[in-house]
Every structure is written in structure tokens, then in C-alpha cells.
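Each chain gets a letter, A, B, C and D, in the order it is written, and its residues are counted from 1.
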Amino acid sequence: MERKRIVKKIPVAILGATGAVGQRLVSLLFSHPWFEPVALCASGRSEGRPYAEAARWLLPSPMPAAASGMTVRGCAPLPGIALAFSALDSSVAGGVEEAWAGDGALVVSNARNHRMRDDVPLVVPEINPSHLALARLQAWPRGGAIVTNPNCSTIGLALALKPLHDRFGVSSAQVVTLQAASGAGYPGVPSLDLLDNAVPFIEGEEEKLETEPLKLLGTLRDEGRPRVDFAGIRLGAACHRVAVSDGHLAAVSIKLARPAGHGEILSAWSGFSGESAGLGLPSAVESPVRYRDEEDRPQPRLDRDAGGGMAVSAGRLRPCPIMDWKFELLSHNTVRGAAGGTVLLAELCVAKGYVRGAEALGTAATRELEPALA
Amino acid sequence: MERKRIVKKIPVAILGATGAVGQRLVSLLFSHPWFEPVALCASGRSEGRPYAEAARWLLPSPMPAAASGMTVRGCAPLPGIALAFSALDSSVAGGVEEAWAGDGALVVSNARNHRMRDDVPLVVPEINPSHLALARLQAWPRGGAIVTNPNCSTIGLALALKPLHDRFGVSSAQVVTLQAASGAGYPGVPSLDLLDNAVPFIEGEEEKLETEPLKLLGTLRDEGRPRVDFAGIRLGAACHRVAVSDGHLAAVSIKLARPAGHGEILSAWSGFSGESAGLGLPSAVESPVRYRDEEDRPQPRLDRDAGGGMAVSAGRLRPCPIMDWKFELLSHNTVRGAAGGTVLLAELCVAKGYVRGAEALGTAATRELEPALA
Amino acid sequence: MERKRIVKKIPVAILGATGAVGQRLVSLLFSHPWFEPVALCASGRSEGRPYAEAARWLLPSPMPAAASGMTVRGCAPLPGIALAFSALDSSVAGGVEEAWAGDGALVVSNARNHRMRDDVPLVVPEINPSHLALARLQAWPRGGAIVTNPNCSTIGLALALKPLHDRFGVSSAQVVTLQAASGAGYPGVPSLDLLDNAVPFIEGEEEKLETEPLKLLGTLRDEGRPRVDFAGIRLGAACHRVAVSDGHLAAVSIKLARPAGHGEILSAWSGFSGESAGLGLPSAVESPVRYRDEEDRPQPRLDRDAGGGMAVSAGRLRPCPIMDWKFELLSHNTVRGAAGGTVLLAELCVAKGYVRGAEALGTAATRELEPALA
Amino acid sequence: MERKRIVKKIPVAILGATGAVGQRLVSLLFSHPWFEPVALCASGRSEGRPYAEAARWLLPSPMPAAASGMTVRGCAPLPGIALAFSALDSSVAGGVEEAWAGDGALVVSNARNHRMRDDVPLVVPEINPSHLALARLQAWPRGGAIVTNPNCSTIGLALALKPLHDRFGVSSAQVVTLQAASGAGYPGVPSLDLLDNAVPFIEGEEEKLETEPLKLLGTLRDEGRPRVDFAGIRLGAACHRVAVSDGHLAAVSIKLARPAGHGEILSAWSGFSGESAGLGLPSAVESPVRYRDEEDRPQPRLDRDAGGGMAVSAGRLRPCPIMDWKFELLSHNTVRGAAGGTVLLAELCVAKGYVRGAEALGTAATRELEPALA
């Protein structure tokens, strides 16, 4: 497939740039081949201070030099920025994101506020890129729109289920998570809660895990007014916080509509390259679901960085005495499950022509899909 | 119920006294109202050394003064000791326990070696004390017998299921565990495996968790030759090791044969005092299954010591979208799940007349049950 | 020594009762032989709510039943309460404590606000009970006074140095700490700071550790106007936060004014019973400094509960190539270093006659010392 | 400086390839520009098995594909391999390394066995490359020699002291460490020792830390028979194991022979590029000692990967009330402190002409120094 040459980077804003996910975005976007952060936005306290001072940097990789000197701005929309990444806390994300969309920007959001709205795409590029069409329903001026990235624990689960659902039909899935502290941001979980301890509760998490995958794995009906028919999977979730910095582990049991053997499931995963394969998205990885053969993997510390943190790792596929199969699943919650996923989604939006003025950047696929928002 | 006066403590041996579970036994038995440890036995390396030197003491409570000076013996049977507690590693437990039983001792064992044999009782006093009758099938001379305590994660699960199974019938249960490091003994799990990590595999654990509860919750048929009909519950388990010192947490989903409401389940637990209630066993607690109302409990660090570590804690009972109900469960794996459970089982054996020469110590119940081993 | 009979418990208030140290006070005081908590006070948010709801209980031991139903009050002084324990945050402790003292109460405070004032006693009962005399300088009406407990890391160090300073003179001490998360209260240290990590900085801690022990080990001059001559010890501190829940560990090197052998130091510690020995204080332990012979002790998890958490543990005394001797030291920071220390100090104040209306509770020693505040 | 073109990689052996440090070596050497591992050697148990099976891979980065299929060999010398990296356990390293040297190979060793021998170079390339001359004293045939890398905690300390010792003279240094679990290898430290705990003892570590830096910072006298005059620094060490996977943190206090201001010390560090700068060693980093300005750094999780793990990080330089200055220091113990340091040392040996047949690989510096072993 012939690709257009990228002539100029797209200027972007990062909303909530000082928080845990915001820092990951800063880390990814300052070296991104397509995007160029020109505005780091955050809440009142940080406004007006240099980023290096406003952000308590939490990542092992150094803060990008270009970011450190930038002055943090407030979260009001800025003219001329057609693409904004939102890592805002849900307490403020709603209004801010609407203001940016109202100003004509495409907002790619990691916040939960708009995810489940009928007119807002909830998209993982490998799973349901066609759902972007829902954005047509949004009535913002000048092509403004909000598209959303799912919850950190949802992404891993949905990616692992996608190829199985396509081939065999998943009728129900029970998932029990062991989630990392970074999922709660910073300061987030007090250390006294995780020292020699585990907490069997995460506010609102089980609800998200029991609903968001149904929208992701749902089917787009696009006769006139696009809508998503949710997938008919029964999902049950129990969520735990454990003493891990990054990497959500989950024990999953599934019941399939059509019987599948051990090898068939493994081959469904290994053969899965994602619906967005071939679009040339810079953050996409070749095998988004990777199976490990060892009897005691995946493990957060050893496997979370698979595919630069963008691949999820499965392991221990074995028969389940109650449902059909059980397996273990791991995904990097702040990369794949948050910042990296958001960047990949923004790349998809560019490729699909959803970003005003960025058409020259996209791939050959862009042309065909440009009418989507027309 | 009238109780016999305890006139003299029963001399006991502790096999495997230097290990992690052995130390818990030493800690519990040196201040026990019925038992007096007279022999601390361990493998070759420790033999002949003072206990204080041979055991790398791992408990926060100090080593009992009476223990520290005792010379560690080998594991050969000692004449005149009618009761032996075994905390031996399964690699040696089989033969050693048989040797003691062959010498006429009652061996109360925490090892897995004999648990699933047809002629060996696998007993939790609150659940299935009548199963002790299986010991009649053992052909050891002079009343020698082996009785066993289940796996550390089994006990908590079986205790929580028992009152539900009695009232509503449990048809299936899915259990995902977050298990403490002490379950693997010392040195056990390398710290590199649990620092910023969790391991989704424990050798042989899922198999135990999927079978042992069925024997515990089974029904004793005692027409001529006693046998246990296993409970007809479908069990599925996925086991994880997490960075917790003591306390196994589990997420449990259950399907019931007869419908039960939220309040009915809570009242089944709160009303459960155990089959051994009323026998006056010193280590028994009044409510072996305790429910916590907080939305984020039970937690290992906060709840493992409930009832001195002998009660299990349940919490977060809520509907399960796939099965009927789900809840969280916690038990102290080295107290309730190992040493404390073993001591309680030995107390039951005394009360039921299974310990030669200890009749004077038992309760009124003893008389009725003495013929059991005759 | 003949003791007066305790006829009636002293009603006390707990200021800051919902925090981490406040909870420890609640835990200790509701079963205390001398004190009866009648008021649980906290900041605005908690006011008016039942204690069980206002406090997110963090201790493994259950919340005292008598506390759970009490309604949390604000922090304004209450008439008729002559003794208040303060576990307030330093941001509010200053004013609140002065208000209570102004109302005639004796405030025994764990906050740092008044510790270093010339007219405020900073006292560890085993070290410098005579310093209570400084309270005479406070001009509060009706015998009101503020007395203070040192910083959590100071107490352990000062206790270990006290017998050495008395016998040999300590000329300098270098101390490097590995401090527990609970020292920062709750929520306190974010878990992302301590997962697979250690933090070489605690705000204000090194300053306290380099000055407070000098006041504690100082000499009371009481010719007319009492004052404390600070001890002439050079102290250097470096403080670290590590992934431990409770128990501050420290590596200490000391230089002595007079040479002392290994055995002399051990015997100085073992022979030390504290200046308050013989007063019959309920929270006092017999040997406040305990030496462990093992090559790898003291350790937080294993040794913090020595003496119910009120004894400090030393170990690994060995020559220092640079100073004279080095050793390791451990103290329970929220028991000995905070709540337990505060309770012991209040007991001392009662015994010494500093609590209005509590004279009947004191010991024989009370009579002699009653004029102290007259 | 003109560099010779590297025409062909040097075939090397890795001794102890399956252990924790061995795996790091495998990880580094299979993508090394100069070296090509042709033999992975380990103890009896692993011999004959494919590396992928014999090594329980512990690193987050995947096992090099070329390594996984290689058959693990025993540790006997192999003809034709002129360079061997040793990550053997000290229990076997002594004999094996001598056998390889006896067979004419240069052995670059991470084991402690030969470090302090008069005729064995103990070298950190940035500190004392000239000490390689000691190898002349070894009487192995065909240029065989053993050169050694210091203990993991020594390297960081010596690197930080080197520029200060050169400029101001360090007369004494007190160092208290908080060391990572990986320093003990795998399985190494039991998790029960580090969960909610810290251990104030590491076998033999304080002795190494109090002596090895003196050899590293010593002066080579090369009149006829080369020898190293140890540096006249008084060193005191206290070592602790903490719940960190990688990264040794240390609190250091120093006394200087000549007074130095805060800025002078910082500039000594920032100006330090190491004695081996300019040799073009692939693993060398530009600033081996990096100072962080934040008040709470360096921290293991955030700073251990500085310079790809090859730079040490200092911070919190402040006056010491007892000595002159104190600061915090961090180094990656398995990269800089072990495998990475060993590789850098091997690179130095190549550059200096110590590796038979590798002359063509070296830099211009090689020629001048080739006579060293002649």
C-alpha cells in the first residue's frame, strides 16, 4: 500500500499533562513521528509554571527536554489546535472536552465521562475502528468531536476476546483482576493499602469491565443513523488492587458459542493482527495478543513491556471445569490501557481523516474513508 | 454439657518443627491447655542441634522459652508418644507419617500425601467431624492412624461454602485466589518473583482446590465399611501468588441449587457455628465465618487475624452476572489454613476419643465415640 | 512501694482521633486501666458522624466497640476534661492545643509544633521525666499545660543513646534511617513511591532527628527558672522511606567520650530500666532497650512488636572503622514512637501530679511531686 | 581519534550463563558490537539442555533469539575462545576461572574469588584502567589472565568518590546501603524476608565495601614489578537489604583532606568523564556520575536506568554535621554493578590489547598499550 509522505507534524494539545497518564502522553508524543505537542494544559494549580516544575515526574525514562521548559496552560480551548489528547480526571474531563470539541477540535479522551454515550465512539483500533462513524452524530461545529479510549482493564480483556468472539462467539466471560497501583494515578493508592496487602475493591471498576467490552465488541449498524448493537456477552468481574506498579493481570474464564480446541484458540490469537492492521499506524504492533508457553506467565514485571507495552500477553490456557476455557491475561495499564492506547486511537483518527488539516499525513486509506464525517 | 477435668497434658511430638508451619505449631502448642510438646523432630541437618539454633525463627511472637533449649530429634517414631503433629514437607511426609502410625500414634498431618486416600479422614472440625470414622479402615497396630488437614486455600473456601451447601446446595463455584508467600514455606517464593509482581501459578494448587473441598463437603456413608461420597459441586480454580506475607484472599462466584437472597446467605454464615461447636475445643472460635460490611474488605493485613487467625472473613456479597452470587473471602493460611487448623483437628481427635491414653482429657462426647476405633 | 488504689478512671479527650496515630490512641485508651475516652475530636469533615463511619480504621485489631458508636466532636475544648491526647496534624495542632491548655487541660501532644519551645517539656519517661518541670513556665490558667512526645524516629535513637550517654558520654552519632510508611500517616506515602522503590528524603525529618535528642538528653537546671541545657552531642541524620508498614530501622554509628568495650555497651543497655521505673506506669516495659544476638536482626516485621511495641531493639553491635561503634536499631514508630509513647507520657504526668483531679490515681510518688505545678 | 574498523566479532564464552547476572550478560552480549557469544556455560544440572529451557529467564526484555536454541555447555575451557565472561557463583568461580586462564583465555570476572589478590587487576574502566598491568604478574600460559570487576555496591561508591578523591582527597567515608534483592541472585532472598520488612545484614558485604574501593582508588606503582598502593581512605559500611528489585541506594558521608564547597563537588562530578573516556568503549557513558537536583532523588525505580543503567546517580549533597558532606547515591547493581560493568571492563581489555587475536578490533590506543602483556 502506497503511503502519503508526512510533510509536517500535527500540532496537538495534551489536557491533564501533569498527571500519571498525562506524563505517559508527554513521554510518547514528544518523540512521535506524526504529532508535535504545542500545549501542555492542566488545572489551575499548575497553570503558568514550567512543566518541569509543575509535574512531579514519575517515569523511569527522563522527561523530554522540549517539555520541561514549556509553560503549563489552563484547559481552555486554543485556536489552531485541531487535535487534543485528554488525560483529565473525570471530575473535570466532561466540560473541558466538550469545550474543545465545541471549538472544532478532535478530542481523543482517556476519561470515562463520555464513553458510553450513544453518539460517542469507544474505540480500540484493533477491535472496532468502524465505530468512529458514531462521531457523525455529534453536533459540534467545524468537525469537532470526542472519541474515547476504554478503561485500562477493559482494553486487555477486549483485545483477548476479540479474535475468539469473531471465530467462536463468546457467550460469557468471568474475569478476576489483579490491578496495578498506577491505574489509580498519583498519589492514588496509599502505600499502607498495598504493603503486605491486597484490596478487593476498586471504585466503579467492575461496572466498567462488565459494560465497556460489550460496546467495543458490538456491531455497527449504519443505515442512516449509525448505532452500535452491543455484543451479547455476559460479563462478570471482580477487581482487586495489588502491590504492582504497572501491569493489570486477570484470570479469565470463558464460555464459547461454538466449541473450540486448545490449538484453535491459540491460533485465533496468534493470527490476530487487528482491524487496523495495514493502516501504517506508528504505535500499532504486529501481534497485539501474544501467548506465552511457560506455565507461570504472564507476570506483570516480566511481560508488561511486550511490544513496547502495546501488546497484551496471554498464558495458561486450560480447560475450565465450569465454563469452557480459562486463561491468564496481562496488559500494561498506563501504556496499552491508557496513554499508548490513546495515541494509537489518535493515529487511527488521522488515518481515517477525522483530524482537520491532517489529511496530508494519513495513509492511502484516508481517501476512502474521508467521507465518514462529511 | 458436662466436661471431664483435664488432669494432665498430653505429650506430643511435632514433626517438621523447624519449618514455617512447624514454627507456628511450636508457637501454638507450647502454650496449649491440652498438649505438651516433648519432641521436636526434623530432618537430618537440624538433628542434634538446640531448637533455637536449628530453626530460623520467622514469627513476630518470640520463640517459646521451653522450645529454644530442646534438642531437635530425627523423625523416627518415639515410644510413648501417642499424638504427633506433622508439618513435614510432602517429599518426606509419606513415609515418616506411616512409621509413626505404624508405631501406634495418631498422626494429625498438614501434608498433602495421604489426604485423598479412601481410608484417610480429611477433616475440618467445623465441617465434617464424622469423617474421622474413615480412620477405622486403616490397619495400623494399637490404634495408630493418620488424619489430615486440607490445603491452606481449601479450608477457607470449604468453610464459606459449608453453610451455603447445607441450606441451598452449591452446584458450582469458581474461585480465583491471591495467595500469600508464607503458603510456600521458607525460603519459599524468591523475592524477585513478588517485588512489583504477581505470579499466576502455584504448583498443584488448583488441583487441590478443585478436589479437596469435595471430600470435605462429602457425605459419610457408614454401613459396614465407612466411605465418603464426594459432594457434587463443580469447582474451578485459578491460583496466584501475590506480595502478601500471610492471608489468602479469594474471589468466589457460586451457583446455588435453590435460590437464596442476599440476607439469607448472610444469615447462613452468621448462624454457622460449625459441626464441632459444643465440644469445648480450645482452638474453636464462635463464628468461624465472619462477614464484613465495608465495601473494600476483607483485606489480608487487616482481617487475617480475625478470631486469632481461626475465623475466615467474607465480604462484598453481590449478584454475579454469570453465576448467582459472588463474594470475597480471606483466611489466614498458616494459622487457620495450616498450624491452627491442625491443632483444632487434633483437639477434635482427643474429644472424639481417637488419642490413646487421652480419654481423661476429652469431653462427654468422648464416651459415645470411643468405640469408633475399637 | 505502696500504690494508691485507682478509684475512678480519668475522663480524657483524643484530639485528631480519626487519623493513623489517633486510631492507635483509640485502640490503646479504650482498654487502659487509668483513662476513659469521653470525647473523640477531629476536624470539620468528621464532626457529627459516628466514629465508626468517620474513621477509616487501619489497624488489624478491631475498633473498640465503645468507640464505634461515639459521635465525633470538633476540636474546641470541653469543660471538665482535664487531660487531652493530641494526635493532630501539625497544620492545626498549634492553636487547638493552646486552646485546651488555656482551658485548664493538660495536653499530651504527639505534634511537633511546641516541642522545641523553652517552656515546653519534651519528654520520654524513661529518659528525662524531670524535664516536666518546664511546664511551670507556661502561663495557662488552672494548671493547663502542654507537654510533648518527640518525633517517631527520635524516640528510638534517644532511648538507645541514653544509657550509653550516662555511662560513657556520647560525643557524636551518625544515624541513617529506613522508615516505615505509617510514619507519614494515612493516606501518607503514595504506593507508587514505595513499590520497588525507596525514597531518600522525608520532609523535616533530619532536622528533628538532629535536634530533638539533644533536648531529651539534656540536663535540667532548676535554679529559680527551670531550663534544659542541651546535650553536647553532634548528631548527623539521613532519612529514607522504605516499603515497610510499621517499624523504623536505623543504622547508627557513635563516638564515645570514654572508651567502652562491646560487653560494657551491651550491659549498659540490658541494665537500663529507665528513669521512670518504679512509678508503676501501666505502659512501661521492663527492658526498654533489648539487644538481639542474631547476625541479621532487628528486622521490622519480626521485632517491632517487642514489649508490645514499647521496647526498642538493638543488634549487630560492632566496631566502626570511622567512629567507635556501630549498631542497628529498631522501634515501632506508631506505638513506641507515637501513640504508645504519648500514653506512657500521660501516665507519667498523672503519676507526677500534673493532671488536675487525678491525684487519687497516682502512685506514692505523686505526693512528693505535686508541688511541681503549684 | 581514528578508530580501527571492526572487522569480525570476537567469539566469547559466558560462564554461569543461566544465573541472574549471567542472563544480563546474555542480554547485553548477543547484541554487542564487538562480541559474539559462542558458548553458554553453566553447572552440571543445566549442561546439555537448550538455553531457553535451562535458564529461568528473569528479565523484562525477551531472551535473545540466538541464545534460546544454544545448548548449554559445561564450564571446562574451550579451545579457540580467547575471552570468557564469568558470572559464576563464588563457590565454583575460583577453579573454573583458573582453568580458563590456564588455557590461555582472558577471563573477565564478576566473582569475588580473585579480586583482592596482588596479581589480579580489580578494575573499573573509568577509575583505574592502568591497574590492568597487574595481570602481567599472572603466570598463565599464552597470555591467559584473570581480571575482575568489583562488588555491586563497591562500583557505585568508588565511581562517586573517584573525582572527589582526585581533587580534594577523601580521608574517610561512611556508607549505609539499601540494597536491591537482585544483588543476591535468583532465587536469592526469600520473599518473606522482604515483605513489609528490611534486613540489616548481607553476608560479607560490609567487608567488601570497606576494602575493595581502596584497591580501586589505589595507585599503581610500576617499577619492575607492578603493585597497587591502596588508597588511604577510612571506610565504614552498614548494609541492608530492602524490598527493591534492582538499584542499590546508599547514604554516604565523607570527610575531605582539602575543604571543598558545594559547587566544587558538583563540578567535580559533572566534569568527570572517566579515565577510559576517548577509548571508544561501546558501553561507556558520557557522564558516569550524574547529579539530580530534586530534593528526593535518586530513587531506585526512577533513576536506576540512567545511562542505560551504566551511570550512577547522586543527589541531596548537603553538609554533614559530623563529617564534611553527605549525599545519596544510586547505582544499578546488575547492570553497572555486575553484567554491564563486566562488559565495559572486557571492552577496556580489548582496547588495551589484552585479548589475544582481538587487536584488529581495538582503537588507536591499542597499539601503544599492546606491550603491556608482552
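Quick note on the criterion: a contact is a pair of C-beta atoms (placed from the backbone, for glycine too) under 8 Å apart; a residue touches a chain by one contact, two chains touch by 3 or more.
Quick caveat: nothing in here was measured; it's all calculated off a predicted structure.
A comparison of the B-D and B-C interfaces places the larger number of contacting C-beta pairs at B-D.
Taking each chain's centre as the average of its CA atoms, subunit A and subunit B sit 45 Å apart. Centre-to-centre, using mean CA coordinates, subunit B is 49 Å away from subunit D. Our note on geometry: subunit B versus subunit C, Cα centroid distance of 41 Å, whole angstroms. Counting only residues that touch two or more partner chains, subunit C has 58, 193, 195-196, 243-245, 301-302. If each chain is drawn as a node and touching chains are joined, the picture has every node linked to every other. The part of subunit B that touches subunit A in the complex is made up of residues 172-174, 176, 178, 193, 195-201, 210, 234-236, 238, 240, 242-245, 249, 251, 253, 295-302, 315-316, 320-323, 326, 328.
Listed in rising order, the residues of subunit B touching subunit C in the complex are 57-61, 195-196, 245, 301-305. Residues 20, 58, 181-182, 186-196, 243-245 of subunit A touch subunit C in their complex.
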